[in-house]
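The letters A, B, C and D name the chains in turn, as written, and every chain counts its residues from 1.
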Amino acid sequence: MLVTGRIFALVTLIAIWVFALGSVSLAKKKLPSFRKLAGLDALPEMVGRAAETNKSVHFTTGGGGSLTDPVLPQLVAAMAVLGHVSELCAKYGVRVVYTVFLSEMIPIATEVMRAGYLRAGKEDAFNAESQVRYMSGDQFAYASAVQGYAERERPAANIMIGPFYAESQLFGETFYRVGSISLAGTARGVQVPFFAVMCDYLLIGEEIYAAGAYLSKDITQVGCIRGQDIGKVYALILTILGFLLTAAGSSFIIDLLKV
Amino acid sequence: MSKQKKSIWEKLEDLPREVLYGILLIAFIIPMLNPFGFPVPITPEVRKWYDTIQALPTGSAIALDMGYSGGGEPEIGPFAVAVFHHIFRKGGLKTVCWATSNEGPLLFDKAMAEVNPDRYGAKYGVDYIMLGYFAGTETAMAALGKSIRGLTTTDYKRTPLDQYSIMQGINDATNFKLVICYTTGQDQSEGYVRQWVTAYKTPYLSNVLALMIPAMLPYARSGQAVSVTSGAQAGQMESLVKVPARGIASADVMTMTEIFVSVYVIIGNIAYFARRASKKKASGG
Amino acid sequence: MAMDLASVSSIWIAALFTIWAFSFVFRDNAWFKFAEHVYVGTAAGNGIVYGIDNVTRYGWAPFMKGSMYYIVLFLLGIVLYARYHKKYFWLSRIPIAIMVGTGIGLSMRSTVTSEFIAQIQSTAGMKILGVDPLTAFNNLLFLIILLCCIYFFIFTFPSMHTGGKWYISRIARYAMMAAFGYTFANGFLSRVTMIFGRFDFLKSSWLPLPGAMVALPISLILVIYAMLPAEKRPWPKAAPAK
Amino acid sequence: MPLVLVTLAALLVIVDYFLKIPGTATVVTDLQNWGVVLAAFALGFGAVNLFYVHTRHISRRTPGQWPYSIVLLFMILLTTAVGVFLAPTSTQYSWLYNSTLFALSATIYSSTGFFLASGCYRALRARNSESAILMIAGLIVLLKNAPALAVGVPILVTMEGWISAVPTTSAMRAIMMGGSLGAMTLGIRTMIGRETGFLGRLTEAER
């Protein structure tokens, strides 16, 4: 009944599911802790500099995607970071502006930012009208509006997290030119290098999910990250064992993978 | 001290972008007006791609996805055209095309106008065919792999498939000796690895934007793709099939612009370090 | 020139759109805005056209041939648009659920092989004995980088990153930076070939046409004029307030 | 109900691949075909969203925007009319495509190349050890990508080949493996109803 050549794949798939579901139910009892994320650690310094220079902080989630796309988890992670940034900004008395591409994000972001200000005890300082700015729903119109904003307000810090498309290249260059310190992260692999070149701090690929889970402390998200970590350990063990056995002249692991 | 006046290094660092773009434009225009005819070296990936098609026995069927969008045509198009030249010149192959990009059928017509299959005696419906666009990317690839006629019984001009001799005995992935995908999207380039290579072990040739190459390298290394090339290598394919066109013409421009931008990088770094050094000196003295 | 009106007009329109679209590089302007909206409009239109083409060819045709149960498919397809209705939007979840379910099923069943097991298999199969020293060194380095990068992306075991293990992340980050440098340079190459493609079109197809040599400077001047800030140009005056 | 459908569809497709059970194959073939047709239905979403946004711009006379909105809606209607009434394979449709969409999309996407060039000038700098590695790797590949230099300076080809075969392939492989774990975890999360974002907004009862 089982198709030969696909048995080990099935076992692995089920194992990964078990890792994920098991970790989620364990996370309900005790939330696992996280390693340091270099990009996130830079946030207080970035907001601090904005406070010193009396300039604003800019936040964007990119000019693409939709809430029904597979990129949704990236937007969820971005919102967790936005909440954290809002809290920091409220504390330091810095204005944070979120430029919106997807109109569906407006109510979500407003709530997230308000909650951040509330945590800092400064709910009154939040002005949804001017801090959640809908720019445009067209990619390049949005990009050009954000570039205009960057030239006018010259924000001290610029945070870009979410599913980015070609606009990553425009934003990276523009914010670098106007002198903003940038923190960027996206799980869309092809865009990461552009951020790596043009931004000061980087969350590489999956780090944004980890950042989102870490900041939101959401049980499912944290549990799933833990489940994936176990999957990575599984991959590490198989790779090392296989490599050593191959060096020793045995193809046991390779044959096992082909079952 | 130097607060009022910007040092030369600072000025160099803050060069307005209009100047940078203007210089880059020159790097495009000079070789276009006055081609140098720089040579084009053949890389192993392109050679492997060529040899793979060359080694196909007569009567083999090729599945070919015109999965790129108009936005990527200037890069991917020339490569696709050169490969069509190769396939038609070799002859005796059945090329079954479709598209997972909704501009694919239009780009197919464009490529055919450029190739002119008649000159090799290749006939529509006998040597090649276009089935049309299929929505749903990976779902479409899986569906086509399972059964073409389960999904459609007509070609893109809505003529029944049974009227074409090329479609005799071709219905699913197991009937194809090779799958080729030209694409500007990662969903497509990786989708064939998942839905065709993994499921049916069909040999796979992938042509993508140069910028997507790194993401495809692991597949090439593991043998899941026979060869991964970029559209920017079109000049190489054109010189292998001896039909010089846009690809070779772009080699001069590539040489000029890449050198200019490398100089940008070097000047940028010199300015950066010189400014840092002069600042240090100023604060030290 | 023996060219029919249709091709000549097509080249002219395409050439003007090309110039207007490029103008964005220097500054946003009215011509670019016009070109961009035409682009978005035709792209959406093209989506509808091919959507209808697919629905009729792969849905309607089998239905007409007697697959009566395809009527359910049409109902599902129509119900997709219920998402725009205030009250019945939840109906659209049924077809979406089928699409999402099929999609994740298809992707998961082969992802596990293509992107996980096959990659382990390929890495584990690399040899360090019985090959030349350079290959052996490269294979070993390949393995080390791969392991370090996977290790780098382990987040929830903080003890794995403390103590003397900082160098693992360091190796991973260095290797990824080299990979990003490689990708960035290739990305630039991609853009160069695309820009060349458009310039080549202007030079080979448009400029040889009668009148094009005159039209080129005129259109460039008009584009530059449109880039001037509204208060600095005599017409049109009113700068639209945001 | 929708969540049950998600799980059912996903399990059917997975079971069909790993196990040979008579009967599933035909169901899965239909399921995949239906997936294609439903995706085709969904291609209209983009246009509907645009209609929503731009009719609003026009009715409110949004300054600096509404004339463009008219252009946009007109182009949707024109393209659709030509494509539907004269078929997408007609010469008229390909005329329209070549004059507008083709020329525009190719140009708009290529134009980011200029931003990359100025990014090279300003940002590709050896500010610390990490960015130095990035810069050197980038520079080698930039130089090698000039075909004439690749012929004249063969060492560039060797170095680029090494960067591509060793650090890039292995780092990308690690990122790919991590990504696949993420995809499979997201999949199971969706199947057990922990990830419901794709369902869109919530009903009154769910709120």
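Simple rule for what comes next: a contact is a pair of C-beta atoms (placed from the backbone, for glycine too) under 8 Å apart; a residue touches a chain by one contact, two chains touch by 3 or more.
The structure displayed is predicted, hence computed values, not measured ones.
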### Summary
Most heavily contacting pair of chains is C-D
### Query
Comparing centres built from CA atoms, which chain ends up most distant from chain B?
A
### Query
Rounded to the nearest whole Å, what is the centre-to-centre distance of chain A and chain B, using the mean of the C-alpha atoms as each centre?
30
### Query
What is the distance, in whole Å, between the centres of chain B and chain C, each centre taken as the mean of its C-alpha atoms?
13
#### Entry: chain A-chain D separation of Cα centroids, rounded to whole Å
18
### Message
Just the number, please: Cα centre separation of chain C and chain D in whole Å.
### Response
5
### Task
Mind pulling the residue numbers of chain B that touch at least two other chains?
17, 21, 71-74, 102-103, 134-136, 139, 142, 151, 199, 210-211, 213-215, 218, 221, 232, 254, 258, 261
### Query
Touching two or more other chains, which residues of chain C qualify?
24-25, 33, 36-37, 40, 46-47, 50-51, 53-54, 58, 96, 99, 102-103, 106-113, 115-116, 119-121, 123, 143, 146, 150, 153, 176-177, 179-184, 186-190, 192, 194-195, 197-198
### Task
Give the residues of chain D that touch two or more other chains, as numbers and ranges in rising order.
14, 17-18, 32-33, 35-40, 42-43, 88, 93, 97-98, 101-102, 105-106, 108-110, 112, 114-118, 120, 122, 124, 134-135, 138-139, 142, 145, 164-165, 168-169, 172-173, 175-179, 181, 184, 186, 198, 200
#### Entry: chain C to chain A touching residues, read off their complex
24, 28, 33, 36-37, 40, 96, 108-109, 112-113, 116-117, 120-121, 123-129, 143, 146-147, 150-151, 153-158, 160-161, 176-177, 179-181, 183-184, 187
## Note on the structure
Per the touch rule above, chain D residues touching chain B in the complex are 17, 28-30, 32-33, 35-40, 42-43, 88-89, 93-94, 97-98, 101-102, 105-106, 108-110, 114, 117-118, 120-122, 124-127, 135, 138-139, 142-143, 145-151, 157, 164-165, 168-169, 172-173, 176
### Residue ranges of chain A touching chain D (in the complex, touch as defined)
1-3, 6-7, 9-10, 13, 16-17, 20-21, 24, 67-68, 70, 72-73, 76, 103, 137, 140, 166, 169-170, 172-173, 176-177, 187, 189, 194, 196-198, 204-206, 209, 220, 224, 227-228, 231-232, 235
### Query
Can you name the residues of chain C that touch chain B in the complex?
25-26, 46-47, 50-51, 53-54, 57-58, 61, 99, 102-103, 106-107, 110-111, 113-115, 118-119, 121-122, 179, 182-183, 186-190, 192-200, 203
### Message
Quick check: in the complex, which residue numbers of chain A touch chain C?
### Response
6, 8-9, 12-13, 16, 32-37, 68, 138, 140-141, 144, 147-148, 169, 190, 192-194, 196-197, 204-207, 210, 214, 222, 225-226, 229, 232-233, 235-236, 238-243, 245-247, 251, 253-254, 257-258
